[in-house]
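Reviewing the structure listed below.
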């Protein structure tokens, strides 16, 4: 019995079911609606959900709640099971409302995140990303605030010319984000120039020059400087390991010499 | 009285007012013109300006001008207050002229920069950026000059084919900057090729080859090489800390050994 | 005889033939169909294939199979020769079927890879790339899995609005990859917004906001964060050399001091 | 006399003339044809050329040819003067031929490169760039060769579908370079897919999948991997200084200890 339980919650079986589940989720969407394959993949997915539920219960039974809840991975697994529960009711409900169906489906999709476990050295990577993100939070927050400032500025300046892209600060913020990704930045500027010419303004020339200066500045700050800074902070944080390893070695060397001096004194 | 003053200029209250002010500025632009919400947010913003004015006066009164002016942050706050002053007159003026309204509004926007204070470790970040910018000034100045050279060259070569984008060195400089951001570079080249074909030139083939070579070179120099260099200089500057920390440790180690030698001699 | 053999398989001659072969392959495609030049280049290419075949045989004869097969370069050369074999039959077959012709031609193209040998320090570079790729496999696998998750999510959300780009998970995966390259990401979002408006949905506003949030998140995760992380891992791996060289020096220094202590004790 | 000569060839005066010359060149192109300003700027430029000629002669006279020719900067200045010579004949020739005018004009433009002298620490920067380029020559050469291979492959595969972009290896190489810059890569793929559908091929689906795989691979190799590698090599090369400085310190430390051991032995 015990052996059967261990096999049931073993990493190898769980991994296989995760892959099967991911495959079922993808192929379910690939199959045309109403086809037999689609309903087959749906029921395979359904069985996988039940498996994950049973797996969690078995594990909790075997290890006790305390040990089960200690690892952040099993916490994640448990929340996946919880979110998947409503999906089990799916076939028995009259799902008339679109919104509920969508939420149920996205809940099922949540299980796909379990495939992330396949990444080798995931813990190490997550640690590195978390540290790099914490180090670069200042850069990203700064870019967010500069985005906000530029968005309000753009709203004031370009609202009448291009209400679709700069009609309110939220729309402007989206447009400025686009400029920060450097993607299509000059097309936004071009559209403003065209509109200015159409509207028959008197000093178009000044407006064009100002608009171009505004977008060149936004590209330089957000796209070139911001990205480079974030990049540099990331690399810096990644290399911290190496430097710390060197520092430890030098420190131990210094200790060695101090011990040598002490030896000599006595 | 003193306690009340301290509370009034405390970071917590000022921060709260900055956030309130930023919210008012954004929501004022979100509200439709002539709506009640818009005028409500306008007056909240108005009160915030008065608050900042009083805050500056109270701080100067409490600490004296010398201490107040010592920090570059309070300098910035004071200039924000100064720039905001004219906005206070706004409601009492007949703002017929568009230009004045815009300047007043942009002046109000200037206050948004105070939100940058929320960035954690801002002083550290500003220091890092300033150092990285100073180190990469050569790269950026070089790119600016190469942009200038390519712009004059492009003006001479493509002025007749595409006067809109290469009609004069300033327009050319803008187009070359666009090529440096790699964004839509091949579309500019394509347009030139099309125009060349339309104009019925004799040796279109050579022109197409030359144009393509010109833009490939510009992309390589500005977009690939320039960006990579700036990036490398940034990382180098960021890592300087680590290297300096290592150097200090090694130096102190060397001192330790010298002291050891001295010990032995005596 | 021996000298003639050595000359025949010498690097200089082989390199010259590789260049000749690459030139023939390129110019064969440049020449218009049915022209004399085209058939001339074809036969030059044909002779090159025979040369490579003879070269391999001569080398195997001279060095023995064991030595010949030891180097991964000669392994590559041999597989090139093998793949080229069918092309020798080309002129004698009635090549009615398009597919066979294409495969034969692509087989010939495979020989072009031999020009990669001209890269100075190729072994060093390959080693660096292999190490960097191994180190960044986690980042790339993570991006691939996130791509998969976002693709299934996008399929569920946008399938009905834009079946061409999000009709099934594979098409969605391609679109999400496009968003990860930052190239034209906002155009995909724009198209979805337009379709939503056309379809006369009730709460377009919410849908637009959700769509934009989805794509901004995808750009940030894939295009900004993913690329920066991969970049940082690459740099980290490249710099490993330097750190290791420093570590070796510090270690030898520590040994030196230990020996000094031992000297003192005796 | 001597003092006057020194002043004449002093850096300050030469720099001023370089700026005046650059301004004249730019404003000459800004002015409308046939205007007075245009001819004024032309003659100012003309005088600048004469100044540079006289400056070179005066310097050679003062320092002798050997010293003059020793610096690579004066070599560059001299070649600028040489290239500018024909421009002096400009006003006296009947410039009927377009080609000669253009060459003369581009020759004048060559002088603009002298503004690069204004970059602070130029020698240091040039050294760094040269070293970084030498280190990354392998990566760039590799990308060039991969570009060549992909170009010939694309010619074979897509020549009939899109002769404009893949008609011959040179056009293909340009298109592949465009894909390597990530700019508009998916538009090229999209055009091929559309053409395939129009041409009424039988297995469009396979072709679309193959095309997409081809372009995704090209983007990954050229745009993501290639750029990251070049970047990593650049940073590595820039950081070499720091590592070398550390290595020198550690080496001198080791020497110190060796001397200490020698002291103890005697």
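By letter and in written order, the chains are A, B, C and D; residue numbering begins at 1 in each of them.
Note that in this section a contact is a pair of C-beta atoms (placed from the backbone, for glycine too) under 8 Å apart; a residue touches a chain by one contact, two chains touch by 3 or more.
Source: prediction; values computed, not measured.
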_Give me the C-alpha superposition rotation for chain C onto chain D, in degrees, nearest 5._
90
*Chain whose average C-alpha position is farthest from chain D's own*: A
_Copy pair chain A, chain C: interface residue numbering same or different (half cut)_ = different
_chain A-chain C separation of Cα centroids, rounded to whole Å_ = 27
_CA centroid of chain A to CA centroid of chain D, Å_ = 38
*Could you list the positions in chain B whose residues touch two or more of the other chains?*
182-184, 231, 235, 239, 246, 250, 253, 257, 260, 264
*Full enumeration of touching chain pairs*: A-B, A-C, B-D, C-D
*Mind pulling up the chain A residues that touch chain C in the complex?*
22, 25-26, 29-30, 102, 105-106, 109, 112-113, 115-116, 118-122, 124-125, 128-129, 132, 174, 177-178, 181-184, 227, 230-231, 234-235, 237-239, 242, 245-246, 249-250, 252-253, 256-257, 259-260, 263-264
*Which part of chain D faces chain C closely enough to touch in the complex?*
137-139, 141-142, 145-146, 148-149, 152-153, 155-157, 159, 168-170, 182-187, 212, 216, 219, 223-225, 228-229, 231-233, 235-236, 239-240, 243, 246-247, 250-251, 253-254, 257-258, 260-261, 264-265
